[in-house]
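Naming follows writing order (A, B, C and D), and every chain is counted from residue 1.
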Amino acid sequence: MSYVIIGNSTAAVGAIEGIRKYDSSTPVTVVSDEPYHTYSRPLISYYLGGKVTKENMIYRPLDFYQRNNIRTMLGIKAMSVDYSNKTVLLENGEKLGYSKLLLATGGKPFIPPMGGLDKKNIFNFIKMDDVKAIEKVAVRGSKAVVIGASFSGLKAVEALVKRNVSVTVIDIMSRIMPRVLDDTAAAIAAKTLKDHDVKVLLNNTVETILGEDTAAGVLLKDGTKIDCDFIILAIGVRCNTDLVKDSGIKINRGIVVDEKMQTSIPDVYAAGDVAEGYNFIEEKMMEIAIIPNAYYQGETAGANMTGGNKTFNDGFIMNSMPLLDLPIISAGISEDREGIEVISKFEPEKDTYKKFYISDNRLVGYLLINEVDRAGIYTDMIRNQSDITALKTSLGAEGFGFINFPKDMRKEKMQKGGAA
Amino acid sequence: MSLDYSTSEFTINRDKDRCIDCQVCVRQCANEAHYYDDEEQKVCSDEHKCVNCHRCVTLCPTRALSIKKHELEFRANANWTENAIKDIYKQAATGGILLTGMGNDRPYPIYWDHMLLNASQVTNPSIDPLREPMELKTFLGRKPESLKVENGKLAEKLPPQLELEIPIMFSAMSFGSISLNACKSMAQTAYENGIMYNTGEGGLHRDLYKYGRNTIVQVASGRFGVHPGYLNAGAAIEIKIGQGAKPGIGGHLPGEKVEAEVSLTRMIPQGSDAISPAPHHDIYSIEDLRQLIFALKEATNYTKPISVKIAAVHNVAAICSGIARAGADIIAIDGYRGGTGAAPTRIRDNVGIPVELALAAVDTRLRDEGIRNQVSIVCGGSVRNSADIIKAIALGADAVYIASSALLTMGCHMCQKCYTGKCNWGIATQDPNLTKRLNPEIAVKRLTNLLHAWSHEMKEMLGGMGINAIESLRGNRHMLRGIGLSDRDLNILGIKAAGE
Amino acid sequence: MLQREGEVRIPSGCAISGIMNKKGKTFSGVDIIRSISLMHDRSNGLGGGFAAYGIYPEYKDLYAVHMFYDDKNAKDAAEHFLNEHFDVEIGGKIPVRKVPSIVNAPIIWRYFLNPRKDKIMESELNEDEFVVRCVMNINTNMPGAFVVSSGKNMGAFKAVGYPEDVGEYYMLDTYKAYIWTAHGRFPTNTPGWWGGAHPFTLLDWSVVHNGEISSYGANARYLEMFGYKCTLQTDTEAITYIFDLLLRRHKLPLDVAITAVASPFWSELERMTPEKQELVKAVRAVYSSLLINGPFSIILGSRNGIVALNDRIKLRSLVAATKGDYLYVASEESSIREVCADPDRLWAPRGGEPVIGMLEGADNI
Amino acid sequence: MDNNKVSNRKRIYAKEEVCIGCRLCEVHCVVAHSQYKNDIVKAYKKSPQRPLSRILVEETRPVSFGLQCRHCDDPKCVKACITGAMQQDPDTGIVTNDESRCIGCWTCILACPYGVIKRDFKGRKVASKCDFCIDLGGSPACVKNCPNEALYVDEVRVLNNEESKEKGGTAK
């Protein structure tokens, strides 16, 4: 018996903790092409922004592997998997046998076609190595172009602003963070960016990247030219399925798994950004590239690799994203749709915005800007799909809390404590 | 609006070095004597509103508060005292009757404090309650002249009796005058300690039926909440004729206190004043009382002792003799120091007589008539401690009623503002913001503590007198000596002077 | 000057002793005198006395009334009263011997008499009750006159002095009785009044008692509701009346009466049958005022026998013994052994546990 | 392994029926997390930066109650935390936030079903939450000092691993 985990990020850690909860003895091997102790990928922007030191990047304490009795093969790329012989071929030629395998290879950047991508000082924004490279060029006074005004793009912007780099961010869509924010919310966020002298160009794309062998600017679709010293590509992330591409495993946008995180191949599991998951609000399989989801998928896979019977089928999108001190929290549906009731409260003077999406008396999504306290109560409403008819009127009210719940509903909740 | 002569009664002292402006006092004062000044960013007080209930003082986490009598002096005048003058101002302003709460606070003599107990020396041994059994069990109810025993068996059953583990009962306090939590606390304490509590004229809330066998249900002039289920729910029924705090006066529960539960329990419309007439309009004479007593016995199939409660008034002895002969099984005498949720000040302070004298007179009279064993005597009206109880029993009482002591145990601080309905201790109020301040779990613990403490003390005193069963003290006036009393007082109390 | 019994409540300690023959065989007072005199130190010379049953066989159907008179006037008044209510068969001095230590003797007289039928008719009382009322009347309303005993075929002999001297004084060696009880007194503050000495008697009840009961006030005030006048304010008097009330007037069985005066503790209740529990509860509820509290050991005498009893936590000494038909009870073992060297059985009864000596053929005491 | 042992996990519960809304729990929570744990006056008057109360009192008269971290068996905040600063002690089940590693991304606030994690803006903004007063030892300050016993600590029954595995403790 032996377990092999390919990947070393959130899903992998979830899997390790999931496995060790039930099985403390069976050998576990973690393989990753990154040479680092498990670290938190979302922290790269905070690292670049100087909020966390290299030491604090770690996602679990340094004795994590040893305490959980894990064998690590870090900095070694996995090349392919032989399902019939149950082995993983490593770049060093070694063949690693497994009885249960977890694919947690995460995501990879999506790069649209454009000219001049071969130049230097063009970076992705996903891994430690990306920011290590960026910090060399992102010096005070330098100029940067960030392509993509969604989550990761804006985290890059934030980091650069903290490093006193003058930034221009470009997005093809008509507003920033189009998948999360509506026009009103986007306006508030844009205002914050403006306050920090960030130039935002929307409805626009990069035709080509200018410069000799090093990027020196971009030429936009509308003909405008922008000088810069380096470029960050943050258009989006795709499931990193390279390892198992054409291996016969069922892949849609990501690796297809069931609610026990099992793939179409026996004894092979997948979790995290590489896998799809069931989004119970959208009621379909899709990638849910967020930390909590990655952790739960990993934990579930781990438990089941030990022969458990754990299921995870209630993932949904949720994000907390403070943009340059502007707190933004959202979960579930975040766009107006047919048949979905919307309650929203906008207070321009306070720059607060609260929006709730309700479908037959159940909360299916919300967005909070600035006043985000106790947001989790709403998240929980989505998760539990509880009937909120009684609460509709008080949603988003000042000091909203359990006090607004009907007594029996409240009692039940508070007595249950947090017992999940 | 013309000038208001009223001045502050108290001064609130806030030690600024200790006050942390946490506003606990602000949140706790139902009279709004404390408030937070947003501009000054600090807690301030309007002492004019302070009733000196100590709620804030007790809860202040830094002990920053103290309350003193307001220093404002009138020119010294032994006749026109501050109270006398202020009362005039109040009535001149309102044109109304002066109201007050709790018991008579005038400096009349307290006879309990003029009686001393005996103890054994040499000629017979005192008994150590820690080593020897010491019995407090008491039976209330009519006792036959003699027992019929045939071949080792009781030939005739006894009339219904109340069996008390300790000769103490919580006296009548209605749900309405006090909160349901307060009633609950006493009911459960009675239940756990084998004694009785009394519903007063408030009816019996549905949550309290389960304490029935420790409940005395009261029937008073308003007949509030009285129905067959109610009469049969309790262990005994008490006909309330009068109350020590306001002899000859009925009761008045203001409509504000009659919220949903109260109205349901009293069977009166919500928000309507609950007015108990001064007399029972079906009792204008002793023979009418007899009819009611037997009506109630019929209604409960002669299974429950009937108590009759009267205020101690001038010819109490003769009245009690009549009550005994009218068929009552228990007579409750309420002295002029007895408490109340609301009474006209003048009545409370000037009507009735001390329970000590009334008790002695009644016990003597009933014995002279040879009918003392036909009724049990319960005395109330400011029984403040275990010594008062021992003295009452030595004078002739079978048991005592306590109310003020019980309220103090639950948090009352004797501010005498019960009638305002703003009791900061959650006792004499129906305001849900205030009633929840009385946590029955805590109150039951405290009441039980009090009963235990008093039981221990009573046992010590009994042991000292060489007595190991409370009944050997009942009417045993040899165990009492008077101090600083006139011959007349001694004669009425039926005791010798200290030294005799 | 000191107040005497009746004017003030006088508690006292004491010695008691009793001897009976269950077959009713009579014997002289010699033994009882020896027995009580051995406990000389338990008394202080301020009172001693005896009760004797079966001493007047020839007048056994007449009430034998022993009297003390302070003076001639008291005697005349009392005799006038007696003649009014009774047919007096015989009256005369009770014979005495001169004993140096016995002084200030009152006029000591005895009468054998029968209630007058007409008086009984108009009083609508039975004989015994009639006699009781008369005794109460004399003791309450006739200063200087005191009824020492009033039973049939029995008598009380008492005086101020040590019991052995009192026995000598009354020549008890010349009387023969089947029950003797004796008392040596240690009062704390009496001038020594003859009437105050023990035993105390009523009809043919006699009580000798050692102790000071703390329930006296409760007991006395309850008795007074039933017409008893506790004129002497002594425990012995109250105890006598308690038994008269329970046994003669309320006709309760002896064990029930004992339950009343020396009740079992509530804690002992659960060990009883439900029926018994109900009875005990009732007794304690109804006769609670007759519970005798505080230390006592008593010997209750009647024509049918004796009952010796301790308070329920045995705060006074009491020893009992049997030898053949003889039953001995006393404060101290030595005073039994003095007259009965090797008893068949000797024991110390537990608190509240009565020693009952019933005359053969008698059904209740 | 005993199949339904009572865990040594404890949780604080509120009795709203007897909560008097005095907010002494907040006062004592502040003191317990200040540098003057035994001196309320100093804790308030001397602390350069007075800590936040980690218990919050919800009130709409007459109803009120105190609420603090439930220390969930399946702590959503821990699993959502992007830095690993939010951790649960495997034995006591107590969830604490290592404020030195917290970066104030508020993902825990997004995840906490009870909304009992506060944003603390003093110093480097971090998430602030109930730590069960572990370094105080004994019962938490809010419970100890509630004048009406409206807060109490109770043991939590948890199922041991074997069982929860069968049951499949789903993440829900």
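Just so we're on the same page, a residue touches a chain if its C-beta (ideal position, glycine included) is under 8 Å from a C-beta of that chain, and two chains touch if they have at least 3 such contacts.
Keep in mind that what you see is a predicted model, and the values were worked out from it rather than measured.
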(request) Find me the chain with the mean Cα position closest to the mean of all the protein Cα atoms on display. (result) B
(request) Averaged over CA atoms, how far is the centre of subunit A from the centre of subunit C? Could you give it in whole Å? (result) 106
(message) Based only on mean CA positions, could you tell me how far subunit A sits from subunit B in angstrom?
(response) 70
(request) Report, in whole Å, the distance between the mean C-alpha point of subunit C and the mean C-alpha point of subunit D. (result) 80
(request) Go ahead and note the Å separation of the Cα centroids belonging to subunit B and subunit D. (result) 45
(message) Edges wherever two chains touch, nodes for the chains themselves; is that graph a line, a ring, a star, complete, or other here?
(response) line
(message) Can you give me every chain pair that touches, using the contact definition above?
(response) A-D, B-C, B-D
(message) Could you list, by residue number, the parts of subunit B that touch subunit D in their complex?
(response) 17-18, 20, 22-24, 27-28, 59, 61-62, 431-433, 436-437, 439, 441-442
(request) Sort out for me which residues of subunit D touch subunit A in the complex. (result) 11, 13-14, 16, 56, 58-60, 63-65, 67, 69-77, 79-84, 100-101, 103-115, 117-119, 124, 156, 158, 161, 165-166, 168-172
(request) Going by the contact rule at the top, pick out the subunit C residues touching subunit B in the complex. (result) 9, 11-13, 188, 211-218, 221-222, 224-226, 249-250, 252-253, 255-256, 263, 265-267, 275-276, 278-279, 282-289, 291-295, 312-313, 315
(request) Note which residues of subunit A are touching subunit D in the complex, please. (result) 14, 21-22, 40, 42-43, 46, 51-52, 56, 58-61, 291-292, 295-296, 299-300, 303, 308-314, 318-322, 327, 329, 331, 372-377, 379-380, 383-384, 399, 401-404, 407, 410, 414-415, 417-420
(message) With touch defined as at the start, can you tell me which subunit B residues reach subunit C in the complex?
(response) 120, 123-125, 127, 132-133, 135, 137, 139, 143-144, 146-147, 149, 152-154, 158, 161, 367, 370, 372-373, 465-469, 471-479
